[in-house]
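Handing you a structure now.
Order as written gives the chain letters A, B, C and D; numbering starts at 1 within each chain.
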């Protein structure tokens, strides 16, 4: 079988998660979330966040981002995000289609936004010809594998709050960010001022597990209609909820994320010693960005799945996941070394 | 455990389907559909339809309906549907939100449309103040459990074709319709002139299985972007595709649907003999509509899940599914009889 | 020249209005409404409504309706209107396109809604599969020329208010309604509980004059952005504002509307005596609906502009306007009589 | 009266245009464009373009841009425009709201796009996660007052055509561009490959005059519905059409634009000699961009209307129009000189 460093969603379903699905398959239950699994899963979310949040399970990561943002924005407001943001670059224009709002991007090398980059957008405030800043969206960990510190999030949240904007956090890889800093969800999210987050678990071992979490339940009012109208309401929801229960059971989610991060660090350490390979980003989570000789890209892709990030500079992205093994890393690095040797001859 | 006659999506996952999910959980695979399971599932669809169709797996039934319709309509065109249609009544306005189009409804007692009901909409053609008829959407089997004959579908398709409209078919319960008439998908869909259909399988034993099927591949051009933009592109798609493969394996889908229909017929036969209960619709598929004494509705709901359809007349809807047993029916009827007896005292 | 009974917007511009445009053409002024004409016009609106309202001039009647509604609705809410409403029947789906909301219609013979027709929509409240009632939209005078009494408006407004809905009033012919009942804008609008109205003047002698008026200025917050985003912000706004100033000067608007209404009554009185002609609606404003022998429709249309309302029953609509003369009416009636005589031979 | 260099839409209506409005005010006419003025105006457009085009009069410049673009794009496609483009910067997000499409911007100092800036967008073609390039929108003359040569337009049109994209041209100041290069509409538009243009005349002396022009009538199919649905269909259209007739009569439009351009050149020449003032853009049409000492900006704005373009560098924009006189320029320059002298003391 061909191993994949293309994305953490190339991984299979974690055995514990699969077992939870199987266990849930045991009789009739009311659909659309009015079942005991969903109730239990919601309670676990409250516990993890340390406050009563409002949680809505949805179908896809794009669905989580777009429905969350659409709920808190008006069409004449804008979403401000990094140019690398998934909502800008990888959702086929879904945010604009569904919200009707303009998406403003800020150039960012590591995928992170700073308040100094956000301030210029205040120039438009109050001028009717200009769309008005409405939501700031950050990704944690970023599409470049980097992690915001709680202080950085807090600073952006304060800026948003002071300027009548909301802060959305795309947490498709939230567990990788948490374990990278070794802090809790409370420290990273609850206490920093995030208004709403997309809570992703599919990339961390679920078959399908995405949620929209409102930190302030008041803001969630009416979101049940948004979820349905945005085509994100799963009928047999118990099978999603059961996965989330298993996800949090005995800190499985942190263990799987820790492992994925470790595998990325291991990969980074090993290739750091190869002279023809250059890391192009620090490795903080489960993503490794590296520039490699262009001539080995294609032969390497024949043996492993991965994406070319920047063809001009031969930059590639390698993602690790809960199921990546040390042996996978060793084989992969060996394959690179062999290809380099061959191409040098 | 409380048994459910509320909806066929209250059923669990069929064991064969669950086994297929488990079997698919075996290594890294490229996400978003570029995997061998999805390729195989698509080929099976071609075989079942008897022609090369274009199939796209999506997340939800609402997602299937809305994405399909939005692809074939312009915002200044209308969708014409029965007043009982799921797209009008049960999707929280998702079609209007996503297509921007007006939805025109036609009153229908059995959920079916006829050409004579459609003709008046031609009056608007060419008048710029009026939204223009664009798509006819029919449901098979209807929300009232009734089935269009192939001739009826063909007549509507011809009308659509002659008037530059498209015909969409919401097949959330397509298997129940097929087995009700004991005809093939080719006879019902391929040869009648349907342009695009929502192919539902979740209500027929899948964990999650919905697809958009274009009968004419030309019409599908660009739909991959619509699926992504409408937030319907599942990342770990192999787990959906594997379910569809099992769904069609050894005609499982027809067996499960046949069983569900039989259980509805059994229920109808048994209650027909109860004087205080009156069937309000013929039973053609897996839905039983009946008027029952209002005073037993609540006590019955305490023991079984089901919906009240028309509170004024005490009409209720009972749905059966692949997992409903003869014993379930007998217990349920007995429970009704007991409640009637008690209430008569 | 062919005279028109087709619509009151077939009339020319009233001479006083034209003079106001000419007088405003006298130097540079800041565009988009920051000019003294617009300031003055807004103050007159406050005076006419008897309270401080928020007024926004827009381009078209459809623009007024759609922008107003879109500002007060969420996409998962519905607009409830009469089946004859301009927003449903004559705006090419603009409300659905721009708001993304479902439009629910209620059958109405005279174009008026009643609370008893509205109550059934409350059944959907709180059920996430159903779009939620959000706005009630009434037309004053209706598309059938009928007028709501203040008591009727107040009853609907109270119902809206009690059920967390807003009341929009399409006042494309507001002056005709006011003069029909001989009451003030305060009595009809300010004190009845309308939340927002489309204030039309184009049909009453302006070149172009439509406004959105929020009775509660709080509700108008942010509407300047909606107006711009909905493409309704005119650059040389002083020429619109100057027309509105003249419109209200010395009660011109009431005089022109009174005249139009009188001409309709005159027409109704005269044709009432023709045995082959039957009025199909009471005449309360400037619209006359009548059933006439089908064979004279076309010959009559060759001499006068007017619309056939219901071809099956030979029903036609004749609109009068500020510039319709008694002589026009006499000639028109004579023409009808001549045609009837000819066709009887 | 305070003279304005703020925008060419601060000018009054040209006397010939006003006379045309007055002359059109003479009887009943069918509304919405089915009148002899509109027919005549359309024929003149055909003549000016040298081919049969499809012309639709609309209400606003934003309305022209958005309706035109929405007609030729799919929601999952993108509009590519300069970062300075009116559609991106000055329309409050109207394009995103109405089309649902992403707007991609390219940084541009002079407001012009080049093919080399467009090529990178082809990387997304065929990848379902990325919105697909659909329309290129250029502004002629640009928001910075610069003019594309026909060769430059042709090169972009060819690129669009080769890559299945459409070319939209925002011609809010088309006459200023034509007279700047002293070429014909045929040379600039008809023969270069533009697919659709927004033809603006309001900034060139009309009360209200904007049109959407399809160079290929096939592409216009159905646009009458788009115009209505986008709230851009004026009822008393004859008054718009009459203005356009006068606009083209005896080349009035070119004379007024030539004059406006000359006044800008005169202003540029005069201030060029003031050492503290620096032109920041070449003057090709009726816009002058200059950096002036920040301390005189406010006192100068007390006497004249104009906008600050870049507050950090003291850059201002001065627009001239058909009604700007040599004396206006002289007074304005004198005022600047006086303020500079005062501030130097």
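One rule holds for everything that comes next: contacts are C-beta pairs under 8 Å (C-beta built on N, C-alpha and C of every residue); 3 or more make two chains touch, one makes a residue touch a chain.
Please read all numbers here as calculations on a predicted model, not as lab measurements.
Novice: Once the contact rule is applied, which chains count as partners of both subunit C and subunit D?
Specialist: For subunit C paired with subunit D, the chains in contact with each are A, B, in label order.
Novice: A-C versus A-D: which interface comes out with more C-beta contact pairs?
Specialist: Top pair by contacting C-beta pairs is A-D.
Novice: For the copies subunit B and subunit C, give the interface type as same if over half of its residue numbers appear on both sides, and as different if under half do.
Specialist: Interface between subunit B and subunit C is built from largely the same residues.
Novice: Quick one: subunit A and subunit B, Cα centre-to-centre, how many Å?
Specialist: 33
Novice: I'd like the Å distance between the centres of subunit A and subunit D, where a centre is the mean of that chain's Cα atoms.
Specialist: That gives a centre separation of 42 Å.
Novice: Rounded to the nearest whole Å, what is the centre-to-centre distance of subunit A and subunit C, using the mean of the C-alpha atoms as each centre?
Specialist: Once rounded, the distance between the two centres reads 51 Å.
Novice: Considering subunit C alone, which of its residues make contact with at least two other chains?
Specialist: 75-76, 91-93, 97-98, 100, 128-129, 131, 225, 228-229, 233
Novice: Name, in rising order, each residue of subunit B that touches subunit A in their complex.
Specialist: The touching residues are 1-4, 6-7, 9-13, 18, 21-22, 25-31, 59-63, 66-67, 91-94, 97-98, 202-203, 207-208, 225, 228-236, 239, 305, 323.
Novice: In the complex, go through subunit D and note every residue touching subunit B.
Specialist: Residues in contact with subunit B: 32, 74-76, 100, 128-129, 131-132, 222, 224-229, 233.
Novice: In the complex formed with subunit C, which residues of subunit B make contact?
Specialist: Within the complex, subunit B contacts subunit C at residues 75-78, 89-93, 96-98, 100-103, 128-131.
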